[in-house]
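By written order: A, B, C and D. Residues from 1 in each chain.
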């Protein structure tokens, strides 16, 4: 297995995340897309860490941080989602367009 | 050889889960797809010599995050049902994503990476080193993460509760 | 390195901002006392710096050098030369008197003083730092609080004025920032230290190209004709102490920037462009005076007089670059920065007082105000006479030195500017006559005149004007050695 | 005692009195009055001590140094400073005493007295100044004091307008003066008066005659403003809006004389330029004739005196320009004495009758104020140049210096001006002492109080004996006393007597028409009573021009510079409005476009 293989896997994950973000109307599925993209980034870190980095601790630390941040993000995201749901009984992003210019 | 086969299986699992999650209409199925991907990624971490991170991936991501998402889904009943799904949007965004994928893939294939002589063994970067790193050089990161997490959790509680009071 | 006195001065407004923010809501009196205490402390420290500055040696003193971001060569490098000492003093004086002027403010006191001291931080920083990056950093700190200050506490089309001011100044910054980066990059020394950069000789073509960016970028803040549009409306809209700081000190940042960045680092570019900019500055002097003649609002008159008087500063700088008139032009320009700062602060402080009482700034609404507010009127008249260049008040010497240089370099232009003094006298006297003299207007009989502490800040400024009006050598002795060092660069 | 210390006492005591009165005594009128009078008395004593001490070395310190420039602050103790300084201090003090009575009922008299102190300081500082810039500073401060004193009754619109006009017109002259001084500093690198005047190393050796002419004419502009010479004279008659003692002190005796004093101070420079002399002579003689003609038709007592001041100042300048240093200074000093006397008398009448119209003063019994009337007649006779009063000697010297200088046409015109002077002066006198209808038996007319009469009587005596100072003055100025034959004095005496006689014929005798001979020529009468249309020309040309410029530039500001910026902002906003429509708020579209852009960028950048 070479570095490029891992990078390609991560690219596929990232693209899948993009599709999810761009096409879905449900906030939860968009969150799933974001998680996919974060994972793609993590894979990249780990792969470069394994194949090229001088100090292999760095990559792992960053991945751990990403995992932690993802947890925080999900906590916030879900609580907002709950509030939003209660207020509007809907989490369809096409309806949430208050930043329209 | 077996290792190669195993890692290839994990990679395929990860990719398949991701594509499934991206395309499937039902929200719950989507989360399941994410779970598959996370599992596959954990396998990849294992192969890349980091059992600790792989364990964390399973514990936090699959055990924590996915479960939380499912719970959230369950709490709001109508969310669990199938959402409106517009085919045209899926097709358009898939085209954009594939365009992106193609360009990036070409970049990856044509780039020469400065590879290390030989991949480091697991012994050189075990849990001990990670812990040491977190407590010395990267301690600001650690502290920052800790603060961020606690703030996020407190904020999440506050946001959810204040609205509950109002209603 | 002894006591880092410059950092201590800078720390005063920083601590004041922090302390003011920590005061519980509703304790307005405490906010005021905190502000006045810290500004007094800064004033005392500035006075110590002035006393301790070795005038026989000149040059940069009280140096503090601490590496900050060594990777790109940013250093916490604080030091002042004669100009810096003078302008730090100016800032301390205007801050102190500004706080006292706003003593009676009642609306959102805490936020007001927090923003105002933040602005002061930026101004101190620019006058003290010898690091190009920090200079720009502090410059922006000084500029940005203007927006909320005008928007929240202002009057007379405040949204419009605040937005206009912000846009003009941001355009200035946009010109400036690439120019500063280009200076850093082209020098290739890997340091932002202006002392180091000053030793480097830039290519003549580069200097010619970059200098206008620096000049215009800083010039916008200095109220340079024809990019002065923000200044009159900004002054009019801002609350009095902000106008004081703004016209009194902030506009000097622009001129100071031209001096320390433009002229010191790019002398040949400055020389190349000086004739054009000198003529523009002269136009600004006459233009400001003419337009002031037509204004109907107190603050607009002062605003345009600021354009006119800052024209003298800019003219002095450009004439100094041309170097025909030895040190007089630079000395005059720097002197004028100080004198105009004090004078305008006095103007706005007094007009602010009248406005607070009468709730109008339209000149023709008044008439015979001299009977009702003799003290306020007297103080305004002193400021006005200073503006008209009356001997015995500080600006006379500044203008004299610049005019001297102008007469030597461009005699016809110089004569025209000297004749412009008549215009200055005309618009000032017009205000006196319409607002203060004439029959007593019974509408204003209820107004109370300044008493006690209200008189204090204005009295301090008047005293400063008169002191340096009669003993100009106190200032010239301070700045002349620095000017001599500057002149060696040409 | 060191003269420098004495000079500091003389100059700065009034300042201290002024500051103390302004800061601490605004309510305590009596204390303020006492302070100012005390300061004035100290100045008088000091100035006379200096005068008795005789000329001595100049003393100065460095005041300002910037680059190569060095300015000094110090005092000159030559005959000119000492004699004029003593006169200034004396008349200032007398006017202060007089003001106690005159301003007795004014509620703001502390301010008034304080300003007199300010004026005393500024004027004395000017007289002893050693450096051109130092002189300029005090010169401007004198103008400032004048501004405040003319506008003392600032609630009267005419008074504040007059103050503004005085400040602006003198300021126009001062522009020339400042340019001249700046040029001198630039050329010679100094402004120290004795050094500039030095015959071997001074200014005259540094520049060509053309340049020198330019320089002295620029300085003369300042003199024209301050000493009210055509065409900058129109502020002086208007300045009569101020309290009468102020007119006596500033606008006849001392402040307006500052211009003449400066001319005398820089006399050698003017003498070095033929052209400048001619220009000054022409302006001076024209001013003298013009002011005399206007005074002939004026009925306001103070304005007649104001125009006569303009004319007499022109006489002084003419004498100085013709080379008669002694004549000019003598007339300067003696005119200060008798013109102050005339104004104080006028003030006494005005204080009593509360009108400025001399015909009305006469009709209401002005001549019953005997002491005042005596002062007026003696002062008037002196102004007319009747022997043996002070004015006779000085005017005699002036005319003699003109004829000695060889300017015969000017001499002749000056004689004519002297005739006119005698004519209008006695027109004024006859209006007051010989009113056109018999006086009623009015018991209420009485003479003024002793504080007012004291200075008048003192100055009357000084006017009678003034001619005696000729010898001592020449000695202190180190000049020779000229001797004139009786024959050479005859034309002047005859002119004066003729003037008095014609005035009697027109206004004094019982069947007089009281219209004057000018009244027979309506065109001239209108020209004179409209003051030669100078003010109208100013109004029509300069004021309108400046207003027009201001309006045009104001439009430029509003429409072009400011408006242009606003238009730019409008365009931006409009563009923004259009582009905002692209912002659908549909986040997914943003992301998609972002992805496409990144992909394209990656394609083009990656293909390199």
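By definition in this document, contacts are C-beta pairs under 8 Å (C-beta built on N, C-alpha and C of every residue); 3 or more make two chains touch, one makes a residue touch a chain.
A quick note: this is a predicted structure, and the numbers were derived from the prediction, not measured.
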Requested in this report: Counting C-beta pairs in contact, pick out the pair of chains that comes out on top.
Outcome: A-B
Report summary line: Per the C-alpha centroid definition, the whole-Å distance linking chain A and chain C comes out as 51
Requested in this report: Would you kindly tell me how far, in whole Å, the mean C-alpha position of chain B lies from that of chain A?
Outcome: 6
Query raised in the report: If you average the Cα atoms of chain B and of chain C to get two centres, how far apart are those centres in Å?
Result: 56
Query raised in the report: Can you give the whole-Å distance between the Cα centres of chain B and chain D?
Result: 92
Requested in this report: Please list all residues of chain D that touch 2 or more other chains.
Outcome: 588, 592, 595
Report summary line: In chain B, the residues touching two or more other chains are 89, 92-93, 96-97, 100, 104
Report summary line: chain C residues touching 2+ other chains are none
Requested in this report: Could you list each pair of chains that touch one another?
Outcome: A-B, A-D, B-D, C-D
Report task. Using the touch definition up top, name the residues of chain D that touch chain A in the complex. Result -> 579-588, 591-592, 595
Query raised in the report: Which of the residues in chain D end up touching chain C in this complex?
Result: 62-69, 133, 136-138, 140-141, 144, 151, 154-157, 159-161, 163-164, 167-168, 171-172, 175, 178-179, 182-183, 185-186, 546-547, 549-551, 553-554, 557, 561-562, 565, 569
Report task. Report the residues of chain A in contact with chain D in the complex, numbered from low to high. Result -> 18, 21-23, 93-94, 97-101
Report task. Going by the contact rule at the top, pick out the chain D residues touching chain B in the complex. Result -> 588, 592, 595-596, 598-600, 602-603, 606
Query raised in the report: Any idea which chain B residues touch chain D in the complex?
Result: 89, 92-93, 96-97, 99-100, 102-104, 106-107, 110
